[in-house]
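Naming follows writing order (A, B, C and D), and every chain is counted from residue 1.
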């Protein structure tokens, strides 16, 4: 299989997973009132200086939400960012609280499935012997308000 | 002959064998054993000594077997997998043989949940079929499970239990086949009340040639009362008591129920004597050893062949 | 113009609102399935290992309060509850609305004095401003806010704002009134098809679908 | 995943009497998933201990923190700043997590707040069932995907024993007999041959502390060159 064929096959798989779950994704994404109440139910959010990138809804909107909206047509850079969101910023402890009842862990798991169809999966730097500093994320609140720094927040 | 067991001799002579059962006391009294043994003497060919049956602590079956030998009876030493690992089992087997024990019955054992120490730790290092194989290996190959040699291996006559009534019914005879393949020389069955089911099972076993490879002793337990029959039906795992038995016991006067129970038992034994594939009968008179002489007498099982 | 928006357009909006809401419920229904509890797990019938002391019952109450939205986010809980109460109460109980309903169908709900309705509207708008400010200033909210969220907030607030103006006869009454009706209709139509759909989603999911946070023992689950 | 159950409050309280300050540590791994030791349980325990420990000897200062997994040093390191502020620790992780926490902070007494029960599955909401005893030598391929070591009360490899009735284990009517289930499944799959032969005596793998070193990483620990 050459490169373009493989890309095509990948895209097909992504679309299949998306199509299969389309209705649910749409309803769930649409139910989100972006209220951010889910934030504190995530211990990672609390442990990381309340960095919004650990907020459950943020993780869903910027992974599954984008994949859904763009029908899986996202670039490598974005895939990398999503990978961080759903694997590094989430341990799937399945305990997030959504006042509206959105099953956030389910959606994150779905995002993981979608990313796997693109050959992206969880990589744990520390297990590969990377120095700790690389693993710990510093958060600068300014970063999020600047669209150039973090285009994912601007949709 | 694989062993110097009297039971084996009786069975190889094609005599219809009779085995009894004796539960060791929940205490240290050797007297209890002699008392119970007294009723069984010259009425049976060998006596099963239960191993902490229903997971209730009793005198060890090894010690009780040795005491029984002193009384001039042949024990059938029962060993369950619940309480010992392979090290303890092999060591006990060596000791048993040294004490003159020649028969061993290999069992899984009741789960400790029913016993007097329900939260004890189970062992089940090996299961009953693997135990049979282990004893056979010790006897025939003269080696331990590890493969190391035994000085003067124990020459045991190996027994196993079979339950023709447990689930899944179709698999029961295959499990019997597995036990025989593992090395069981004789089989004692669970108490039989459902004769139809037993006939079907023994026919299957006979057709598969299993009754040629091992001696099958049909298990019977005389009912003392309707209450006992109901209890056995509802509370004893793996027991199949048809309603007809209960109806029959209910049909007689309360005082007559015990003798009616014995009558049922004797009728069963009469049928077993004629049944192809049945080599003997195992009489489990639970805490009722004193009626064994009467049963064996009525069922025409006496006199027993003289042990050599 | 006024006749048109309060006539056919109103009917159409109601039709879209009700059928859209029904469609949404049906959609949710078809995406979930009933999970029958057919087996009782061993031990489920057994009483708890140890009796719960009075003190522990009290502690459990404290903890369940702590775990509730009110315990975790008191301000958000209170503001959003008031916001939603006003959202329903003000339009449904307003005397002016009830008069219109009475004129058309001869029925009417309980109504509240205009003054009170005005207060509810003000409270509602205050809550809306709170949400707006929150969306503009709190980092975690900024992070998930898009123009869409602002639009939705505006769609919700607009009928109240225009209603408020109309009641106080600010600006040109006729125009404001028409705007009030139109914005109200827009909101109705938007409910089933936008983020406002969380109205249906909330009740359906949190009551019917089983989960750590469901109200009661939800027996439905998402189909897999 | 590992399943655990929170201990009785009284037992936890008794264990920390005499320490003026304690840190309750949660784990975002398995115990979080089974609602035993995640952030929410930590917060609840903090509240409960704060309100109910009124004795003079009871802890005055109670804190809580949850990390990704207590079975990994990487994540435990997040506690390095917090732990020195406290006299003792309570861990809501599984037994492995508790021990690794205690190992990282050897001068602090560590008390478990959950009982680690088994490796199991989420059967339904709040209902977990054991499925694996980590025997270290998986036989599921032979037994139709049903573990005789775990699911059979006696762990028989040549089952069933004489006990099952109406498909239930002799231990309880509510527990299906593992071997009846194995038989039924293998029969349906036409694989009954699997259990007609005798299953040989097993060499149990979990009799000393288990340890795995992946082949790919062996040289890393032996210092030998690949």
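Simple rule for what comes next: a residue touches a chain if its C-beta (ideal position, glycine included) is under 8 Å from a C-beta of that chain, and two chains touch if they have at least 3 such contacts.
Note that this is a predicted model, so its numbers are computed, not measured.
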item	value
Contact-graph distance - origin chain B, target chain C	2
Chain occupying the most central position, where position means C-alpha average	D
Contact-richer chain pair [A-D vs A-C]	A-C
Separation of chain A from chain C, taking each centre as the mean of its C-alpha atoms, in whole Å	28
Whole-Å gap separating chain A and chain B, where each centre is the average of the chain's CA atoms	65
Centre distance in Å when chain B and chain D are each reduced to the mean of their C-alpha atoms	41
Multi-partner residues of chain B (at least 2 other chains)	none
Multi-partner residues of chain A (each touching 2 or more other chains)	41, 95
Residues of chain D whose C-beta touches two or more other chains	35, 40
Arrangement of touching chains [line / ring / star / complete / other]	other
In the complex, chain D residues that touch chain A	26, 28-29, 32-33, 35, 38-40, 65-69, 72, 74, 77-78
For the chain C and chain A complex, residues of the former touching the latter	24, 27-28, 31, 69, 72-73, 76, 80, 135, 138-146, 149, 194-195, 197-198, 201-202, 204-206, 209, 211-214, 222
Complex interface listing, chain D residues touching chain C	8-10, 35, 40, 43-44, 47-48, 51-52, 123-125, 127, 129, 172, 174-175
For the chain D and chain B complex, residues of the former touching the latter	153-167, 170-171, 177, 180, 183-184, 196-202, 204
Complex contact set, residues of chain C against chain D	35, 37, 40-42, 44, 49-50, 55-56, 59, 62-63, 66-67, 210-212
